[in-house]
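Heads up, there are several structures right after this.
Two complexes follow with subunit A in common, the first pairing it with subunit B and the second with subunit C.
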Partner chain A sequence: MDPVLLDEPGRKVLLMGNEAIARGALEAGVEFCAAYPGSPSSEILGVLSRAASVFDLYAEWSANEKVALEGACGAAFTGLRAMASMKQNGVNVASDLLTAVALTGTPGGLVLVVCDDPGGISSTNEVDTRHYARLADVPLLEPATFQEAKDMVRWAFDLSEELELLCMVRSVTRISHARGVVELGSLGRRERRARMTPDQRYASLPPCPKRKELKEKLARAAALFEASPFNRYRGPSRPELMVVTGGTGWWYASEAVRILKVEDRVGILKLGTTWPLPESFLLRHLTAARSVLVVEEPDPFLETNLGALLLKARAAGGRRIPAVFGKLSGTIRGPYGPGVGEMNPDIVVEALRERLAIPVPSSRQAFRKRLEAEIDFPLPGREVAFCPGCPHRASYWVMKNALRLDGRDGLLIGDIGCYSLGFGRTGYSLSRTMHCMGSAVGFASGMGKLERFGLRQPRIAVVGDSTFFHACLPGLVNARYNGSAFVCVVLDNSATAMTGFQPHPGTGRTAMGQPAPSLSVEAIAASMGIPVRVTDPFRVREATDLLYESLQKNELQVLVFRHKCALLQSREEGLPARRVVVNADICLGERCGCNRFCSSAFGCPALVWDAGKGRASIDEVICSRCGLCAEICPAGAIQVIEETES
Partner chain B sequence: MPARFEDPLNLIIAGVGGQGNITASQVVAQAALIEGFQATIGETYGVSQRGGSVMSHVRISRSEEVGPLIPRGHAHLLVGFEPLETLQVALEYGRPGIRILCNPRPLYPIGVLAGDSAYPPAGKILKILAKHASPLRIVPATDLARQAGEIRSMNLVMMGALAASGFLPFEKAAYEQALQILFEGPTREVNVRAFEAGFLALSRPRRNRPRD
Partner chain C sequence: MCLGLCPYIEEKDETVAFLSDCKAAQGRCWAVCPRTETDLDSLRDLFLPSLSDDYVLGRHRSVWMAQATQASLRRRGQYGATVSALAVFGLETGRLDAALLSAWAKDPSRPLLSKPVLARSRREVLDAAGSKYTGCPTLSRLDQAVRDEAERLLVVGRPCQIVALRKRTLLEDDSFPRNRVALAIGLFCMWSVPYKSLRSLVEPALDGKPPERVDIPKGQFVVAAGGRVHAFSHDAVRDLARPACRLCCDFTSELADLSVGSTEWKDEWNTLIIRSERGARFLEAAEAAGAVRLRPFPAERLRILREAAYNKKRRALREIAASPDNSYLKISRRERDFFRPDRLPEPAE
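This part shows the complex of A and B:
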């Protein structure tokens, strides 16, 4: 059985951080869970949707993060325990509601789990969502370990019910997408019935009295945090330097202190409740230290708030205030400088060296230098690429050819998904913009009104199927209403592929594996009065002709490129029973005159150049046997051989 | 832990997206758990499901308080699924005395395929690694996986080789138990076969000269 679902309190299991978060919700007896997928948060709802039938709870993939949080609020208004989970970008989408529901509160426990991505490892930004907790006046918990990820989520529901206020739990990639040992607790019981009594009414009006109530709730949260076991200090009673840290910073600071062997000089104050601050607890410890170093990622959030607290304490008089170092002082800095990028143990080691005047050992990087001395060749980088067999490669190939045929330097406006790689080599660097979910349509809607200012370049807005439902509909409505002209190409690969193939409103099934109506992109577009056509990008010529024709009409159109994700296809049905081979009799290699067209222009990782034989070759280890390259080779040397079962 | 094993013991699995890096890290971590250690795994991957560099940091310790990131220059053990990735990670994370297992089969970056950059001769990479590792063991894991019937189970061949290498203080039985916990059905069969092939390959008398 899935270790996350085991009813064995006290058992220690290896869990991914996101599994620990989901387990915490199960132990709290969560009834309603909603999310939109996004790395590094997606596995949370993945686990909860698998748990749904076992625990009789409800889990859904929502159309977007705002709807997910709204659904959770709906459940919490009726007294149920509800959770929404999302990546940092999702909070931007849901923030309008976040600030509103903070003012009204909910009777049922309402928890927002956000998984930030410092360093933007699988994101287009590294937005620090802790600022939202302060912006919306809601309590914020930050786990520092896998165990805490579970325990904090469990406690967040109690806290939320006690305060009648949404509680935010902030994880990061190195917790969510890492694994460690977690001791399981007992599973929660769900005996609550959903009901709204006639006196239950929730509106953020009038705003100022509501805000006053909210501030009082926040003060109660701060009082509770004073005694929280998630906040603790370890180290000398009067340390030369006190590291104050929340989240993963605790791991890195602990390791740095061990590496430098400065346990007798440096103490570590680990804060798990990072907004509002437990002021008395902090002041008691901080005033015992000569100086303070704040370790957190990526923004100086704690550092700024600590600074304000210390100034307040000084104004109140009588306290000696330690000097605070961190990102604002430039002491904590990664390769991009202070306040940019993710934290790691090496950054903390360097900062401790600086503050404690510990010299850098001469042996540092000796191993690296010895190795480097022998590397007399350049080390090629490894760009990310569309997978072998990816339909997006076919789509971008089609778009590249159609734009070239059109010849007016058309603009490809990109969006968020696997196809964001259209910015890179395997998308032929066609994408001109990439910002946030759905913005391709909005951008194109604006650009489609610029003819009066001389814009003659045709526009293609490229969005995925999941993105289409998430955030493209208002933009499309806007474009239709305002008469904007562009081609919206929907790359429909039948999944939210980037984040692990989660279902979406077009796939015909729900998070809990139930059949669902499959919403049709073309029916939605047609209902707006937008001309729609559907093709398969693997039919390269047909798709290119269709797109070329569309570009010639100066009007809003939707073109659906439909072909299932190659990974999903092979996961569901295995690899097709055929082989893709280079016919050595036909491939002339360097003598062909094609200038290695297949491997240099097409950009499939499985299509390699065999330097020894001087001709193209297929790497059987990674080839998906899609056969598209057979259409690309000008000499017809790449062949698909169907293997019929004997 | 026996005296020669450091605490925490830092192991990095280096490869390319799609090679089963994370699955392999779970096998080691699960085996560690079975042997009574704590284990932490940090996964580092980019925005692509496939094709980018992927690295798993596995940390094995008696303590529960080890973070998921290994500091630079602190890897005791490196399992490389691909030669170029192995060298890159050895540069960043290697330390004197690092023990390395390497699959010599290259996977070419897309820039190399396009002709913009060159892939260094794999033999040259292995020679450098052999000189600085203590020791380097070469495991023809892709070929062994093909022979075992599933070319994509290269990751489990490498785990079998790791079990035979003696680089970790675990018995073979711990890995075998981990495979039973982590996999089921036909996947388990294939993976066990691949694991055995890898184990056998490194149990034979050593032949450790890199190919030129």
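This part shows the complex of A and C:
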């Protein structure tokens, strides 16, 4: 059985951080869970949707993060325990509601789990969502361990109900996607009925009295945090330097102190409740230290708030106010400088050396020099690339060809999804913009009104199927209403592929595996009065002609490029019973004059240049047998051989 | 020409585009393009040997007025329908087995778009008869045609296409059986208009009707379609001409075996320039068979023809000299001397 679902309190299991978060929600007896997928948060709802039938809870993949949080609020208004989970970008989407529901509160426990991505490992930004907690005046918990990830989520529901206020739990990639030992607690099984009584009304008006109430709730949260077991200090009673940290920073700081063997000089104050600050707890410890080093990622959030706290203490006549170092002082800095990028133990080690005046041992310097000399050779660049057989490569090939044939330097406006890789060489570097979900349509809508200012370049807004439902509809409505002209190409690969094949409104099934109406991209666009055409990008000529013709018309159009994701295809149906091979008798290699067209121009990773034989070759290990390259080869040397059963 | 040779280059609506970025510094496209560096003197020596240089009309044997003998051809072809008559004669006597021509694409949404055709019969030649005035990519079919489809091929093209054809023939490439090009008929051409430009100017007036005839009588650009004649300003159309045409010195297809154009005088006749021995023999046979009839070209008209060719060269050379970007468009020193600004006007013959 899935260890997350075990009803064995006290048992220790190995859980991924996101599984621990889901387990915490299950132990809290969550009834309603909603999310929009996004790394590093996606597994949370994945687990909860699998748990849905066992625990009789409801889990959904929502159309976007704002709707997910709205759904959870709806459940919490009726007294249920509800949770929304999302990545940091999602909080931007949901933030309008976040600041509003903070003012009204909910009777049922309402938890927002956000998984941040410091360093932007799988994101287009590294937004630190802790600022949202302060912005919206909601309590914020930050787990440092997998055990805490579970326990904090469980407690967050209690806290939320006690305060009647949304509670935010913030994880990061290295918690969400790493694994550790978690001791299971008892599963919360509660009998709850969803109901709103006639006296229950929730509105954020009038704002100021509501805000006053909210501040009072926050003060109660701070008081509760004073005694929270998630905050603790380990180290000498009067340390030379006190590291104040939370979340992953605690791991890095602990490791750095161990590496430098400065346990007798440095203490570590770990905060699990990072907003509002437990001020008395903090001041009690901080005033015992000569100086403070704040370790966190990516922004100096704690550091800024701590600075404000110490200023307040000084104004109140406090003594022994320690100096605070961290990112604002430039002491904590990664390769991109302070306040940018992911934290790691080395960064903390260097900061500790600086603050404690510990020289770098000469043996280490010598080793580093030797190492640098050893690895001083040109490593081949490995760019991100579409998978072999990816329909997006076909789509970008088609879009490139259509734009070049059109010859007016048309603009390809990109969006968020697997096809974001179109910004790189795998998509022939076509994309001109990439910002956030749905923005391609909004950008193109604006650009489509610039003819009077001389913009003659045709425009293609490229969005995925999941993205279409997530955030493109208002943009399309706007474009149609305001008479903007561009071609919206929807790359429909029948999946939210980049985040792990979660279903979406077009796939015909729900998070809990139930059949659902499959919303049609073309029907939705057509209902707005927008001309819609559907084609398969693997029919390269037809798709290119269709797009080319669309570009000649100066009007809003939707073009659906529909072809199932190659990974999904092979998962569902296995690899097709055929082989794609290079016919050595036909491939002329360098004598062809095609200048390695298949491997250099088309660029599928399965197409390789066999330098030994001087001709093209196919890496059958990664080839998805899609056969598109057979159409691309100008000599007809790439052939698809159907394998018959005999 | 480059189109049929390279997967990186494609054409749509007569616009040639690099679809992918080829890393070759100078590939075959470079070698065959009429707008890359071209050694005209060598090409002349190779294809028109033992003829004296004529920097105005190009090396040639004689100039004639010509027309198809059959009125049915003259009704369909441009002016005297000489090209159609020669093509039909060649195909029907077996001297040719195919003719690479340009015909209307018959796309109702693009009535003025043309496409390359490989004609093998009188009907197919007639289907392609008449001037198009845009840049039909005829030669994109050349390689395939001589490789797989024709052994005695007639190529009809604009001056730039004849230069490309000759450059293609010189390219060291086993895949091109050069002896299968039996005859090259070059057309007179002052300029051609990109289809897309003509499309926006002219096609709205046609209302989807296929063109029956396109012509440039004095001061006008006329398109007959659907029983109506639509006239446009000559200057407005000329202003749309491809920029490359302004750099082109070749009005009369100087490297062709035979060159054919308007007389700018008698609408039932063409001007015909006999250049190569091969062209002369072919024409001789066609005349002997009664496929075409010839008349001496009046000296006064020859002066006018030479003046037109001379002026186009002068204009082009001025354009070339105006920008260092054009320095690759070389002509020989003797030719350049001939067109020195102080040598006006052209010496009379």
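Note that the second predicted complex is superposed on the first by the 632 of 646 C-alpha atoms of A that agree within 3 Å, B and C clash if a C-alpha of one lies under 4 Å from a C-alpha of the other, contacts with A are read in each partner's own complex, and residues count from 1 in each chain.
Everything that follows uses one rule, which is that contacts are C-beta pairs under 8 Å (C-beta built on N, C-alpha and C of every residue); 3 or more make two chains touch, one makes a residue touch a chain.
In this text the structure is predicted, and so the values were computed from the model without any measurement.
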Answer with clash or fit: subunit B and subunit C placed together on subunit A by superposition.
-> fit
In the superposed arrangement, which partner chain does A:261 touch: subunit B (first), subunit C (second), both, or neither?
-> neither
For A:189, select first, second, both or neither according to whether it touches subunit B, subunit C, the two together, or no partner.
-> neither
First (subunit B), second (subunit C), both or neither: which does A:212 touch?
-> neither
Mind working out whether A:405 is in touch with subunit B, subunit C, both or neither, as first, second, both or neither?
-> second
Which partner does A:548 reach: the first (subunit B), the second (subunit C), both, or neither?
-> second
The chain contacting more residues of subunit A, comparing subunit B with subunit C, is B
With the two complexes superposed on chain A, say which partner A:428 touches: subunit B (first), subunit C (second), both, or neither.
-> second
Once the structures are superposed on A, label A:600 by its partner contacts, choosing first (subunit B), second (subunit C), both or neither.
-> both
To the nearest 10 degrees, what angle do the lines from the C-alpha centre of subunit A to those of subunit B and subunit C enclose?
-> 90
Tell me, in angstrom, the smallest C-alpha to C-alpha distance between subunit B and subunit C in the overlaid model?
-> 9
Where subunit A meets both subunit C and subunit B, residue numbers | 600
Seen from subunit A, its contact residues with subunit C in the complex are 400-401, 404-407, 428, 548, 593-595, 597, 600-602, 632, 634
Mind listing the subunit C positions that touch subunit A in their complex?
-> 5-8, 10-13, 15, 17-24, 27-28
Seen from subunit A, its contact residues with subunit B in the complex are 12, 14, 121-123, 145, 147, 174-175, 177-181, 248, 251-252, 254-255, 259, 344-346, 349, 364-368, 370-372, 374-375, 377-388, 418, 420-421, 425-426, 497-498, 567, 596, 599-600, 603, 605, 607-609, 619-622
Would you pull the subunit B residues touching subunit A in the complex into a rising list?
-> 16-18, 25-26, 29-30, 33, 38-53, 64-69, 71-73, 84-85, 87-88, 90-92, 94-96, 98, 105, 107-115, 117-120, 124, 128, 131-132, 142, 151-152, 154
